[in-house]
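In the two complexes that follow, chain A is the common piece, with chain B as its partner first and chain C second.
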Partner chain A sequence: MRRINSLYLRIGILKIVVGKPTKQPHTSLASLSFSTSGGYGGGGETQQNNNSSRVKIFDRDLKRRDRAAWLSRNKNDTFVDAVAENLLDRLEDCKKSFPSALCLGGSLGAVQRLLRGRGGIEKLIMMDTSHDMIKSCRDAQHDSVDKSIDTSYLVGDEEFLPIKESSVDLIISSLGLHWTNDLPGSMIQCKLALKPDGLFLAAILGGETLKFVRDAGNLLTRAGFSLPGVDVDEYVVKYKSALDLIEHLRAMGETNGLLQRNKASFLSFCRIFFSILNRETALATAAIYDSMFATEDGTIPATFQVIYMTGWREHSSQPQAKRRGSATVSFTDIQKQFGGQS
Partner chain B sequence: MRLIVHNMLTCNIKGVINKFPLRIEAEKVIKKEVDFNPDFLRHMLAKIEWKALVDGARSMGYTELPDHAPDTERVESDESFLKKFHHALLELHLEEGSLVCQETGRKFPVDKGVPNMVLREDEV
Partner chain C sequence: MVRISRVMLKNAGHAIDKTLSEILVCPLSKQPLRVCEMPKALVSDTIGVSFPIKDGIPCLVPKDGKILEEVGDASKAS
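And now, the complex of A and B:
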């Protein structure tokens, strides 16, 4: 593994499955890691750190700048839009309406643009750690955004949510939470900010199919959400060249902190580590990638896995599992009733 | 920042108990008219922390709000009250100033109407 020191801490971990989404062998490419002068620890050590306490993987200043950069470069990113649309669609599955909603940073612009009155939202608060992103959203409000929704803007961090407990009906986060250093902590704070019977709706980038679904389910349960729901979608995005892919990844700045906890997966996947600075390295990696993985028509496909999570703040109206041993009918009775075979 | 948001904001420093409400130090307040929507206001009334609203409005220079909100039945007919509530909640904008934690004194700046609640590295 080559290591390059640069000014900024940047650990970008991305799983890229080349070709068809399933049943392809994973291949290792040159992986590059970067360490900061700010004392967060060398790239190598942090990667191997598999403990459950909060690992400072992301430099928060950097996270802020990168998310702003992503927004400015990818205003019409169809992948981001597809994810936001899929997430917002879930609001139509609920008969409930959500008068007040908090939208956490990630694809704020896409959510704002694609909301289209779903969920019965009357009051919307848009929050991101990047001031630029917030300003950009506020400016965009003049165009296609629903003016009947009372919208406010706030610069804030989901890891340190400045929102009063039990004050919002809905929290939405599309492709934002995988940036956090402390995803479980962020989710707990989201839960606390929700009113009883409030909904948490999030889409995050995933890294590995089955294990991650279980991880996501565990996260929801441990954060104290009721009726947790997890599902996964894969999106194959085709790039004209490997450089386009790399540029997109750099712009998205996609990283997945949860992969840190799974050492085995970490070692067995194909990963590329990117620097937001080093274009020469990107070009070199792109050249190798092109020669190894281009399909017949010359395009480079990459698969992004998105995990959709839903969870509710507990409320007495929700279906609850009955106490063990409280059954009044046995399976034998049921069998007799319906004449089933033994 | 309007009082509709201020009424939900807390200090997010770990360990702070008296985190709500944040005291407002206003440097620049502007007024922007918004359509009057009595239904929306009635919904909001049930969820608002009244004292925080009154104190916040006073800090922004608006003193017309009563110390206590009238009962829900009376609110239906009291349009003058609703108009004051509307003005305080939705039309007063804190453009420049700070939100101050009552316990730690930490000031969260409000810049061009947007509060910045992000903690510094040394506070985290």
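And now, the complex of A and C:
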């Protein structure tokens, strides 16, 4: 267990003008995004090299153009909704439909609410470790919950996935997997539960250094996913006070029902903050935090880094990278053939 | 009211709905589960554990599993 004592904070560079003050503790959302994988682009084209094969399934260039429009549309959403929306948007980029989908805990309520028919999902299975959470999803009377989708509910653990192999077309997890103790194991089980050519789509809270993105890529590859893709978004959320931020983090943990399960995991992923278990400590550090980091308008900005991961269950239709050393043509030959310019 | 009756119809006579019955397996052994109607539970015969169905929702986390220790228990569960 790692005690987070560092005051990691990035003062928001990109601010969105807040229209009206709201009652919510976090009032505005700004997003910077950068994609470290070169693998996204327009549909259908293939890039092949010896180390990786990434087919451009998702049209990320289109997404970047739309991002400004998306931000202005969604500036009043909470952080959790913004992440779920980003994840679900990727289904539209994809030229495939997913008749059966498994939605794993985290902010699964937001995913269900914001789905809006994307991905061609006909059967939705909602799973969380908390019975209360699942019950509240089932009982929620949202107008936007699609009644034409056949929805099932179960209580289950990603680390002990009770889903038969090769049984679902899509697994989606928004801000849930970073709470597991065994992330590689959970991802392997997800891969196994997917049908061939099935899609794994996950958003997890990331760390402050870029190398974590490479770790995410490694995780995907080691779990056996094909065509892995990772990209990162940063969200600057402005809170009225540091205490509101702490309460938000607590709420995210408690809503998951996981604060009780594993305080160690919860803490280790609150890279933004220091000790929050003890209320006196929290108040004291919040006061210091307020005085150090408040911006001119008195709000506290905090940066959340979200890592988006995508991976596919292998299928013969997918392009495969050739084994290293199996090349039958050398670059010299190619150069000679095409009158090479160096 | 219509919503409630639709849920009841979907599960009419069954402890879990059709979708779940086709994809659920034991979280520990990954083997198929046997549906027990009374009391409502999902039984993993391979390892002798029974998982409850609370309020129509199957609870398949390992810690909710109950070990069926005696032959008596096993016959009660079927």
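One rule holds for everything that comes next: the second predicted complex is superposed on the first by the 216 of 342 C-alpha atoms of A that agree within 3 Å, B and C clash if a C-alpha of one lies under 4 Å from a C-alpha of the other, contacts with A are read in each partner's own complex, and residues count from 1 in each chain.
In this text, a residue touches a chain if its C-beta (ideal position, glycine included) is under 8 Å from a C-beta of that chain, and two chains touch if they have at least 3 such contacts.
These numbers were taken from a predicted model, which means no experiment stands behind them.
Participant: Once both complexes are superposed via chain A, do chain B and chain C end up clashing or fitting?
Facilitator: Overlaying the two complexes on chain A (C-alpha atoms) leaves chain C and chain B clashing.
Participant: Can A:P99 be said to touch chain B (first), chain C (second), both, or neither?
Facilitator: Only chain B; A:P99 stays clear of chain C.
Participant: Who does A:T129 touch here: chain B (first), chain C (second), both, or neither?
Facilitator: After superposition on chain A, A:T129 lies in contact with both partners, chain B and chain C.
Participant: Where does A:K164 make contact in the superposed view: on chain B (first), on chain C (second), on both, or on neither?
Facilitator: Both partners, chain B and chain C.
Participant: Applying the document's definition of touch, where does A:Y153 land relative to chain B and chain C: first, second, both, or neither?
Facilitator: Both partners.
Participant: On the A-aligned overlay, A:K322 touches which partner chain: chain B = first, chain C = second, or both, or neither?
Facilitator: In the superposition, A:K322 contacts neither chain B nor chain C.
Participant: Looking at chain A, which of its residues have contacts with both chain B and chain C?
Facilitator: 100, 123, 125, 129, 131, 134-135, 138, 150, 152-157, 160-164, 167-168
Participant: Spell out the part of chain A that touches chain C in their complex, as residue ranges.
Facilitator: 100, 123, 125, 129, 131, 134-135, 138, 150, 152-157, 160-165, 167-168
Participant: What part of chain C is in contact with chain A in the complex they form?
Facilitator: Listed in rising order, the residues of chain C that touch chain A are 17, 19-20, 22-28, 30, 32, 54-62, 64.
Participant: With touch defined as at the start, can you tell me which chain A residues reach chain B in the complex?
Facilitator: 60, 64, 99-100, 122-123, 125, 129, 131, 134-135, 138, 150, 152-157, 160-164, 167-168
Participant: For chain B, which residues count as touching chain A in their complex?
Facilitator: On the chain B side, the touching residues are 1-2, 4-5, 7-13, 20, 40, 43-44, 47, 90, 108, 111-119, 121, 124.
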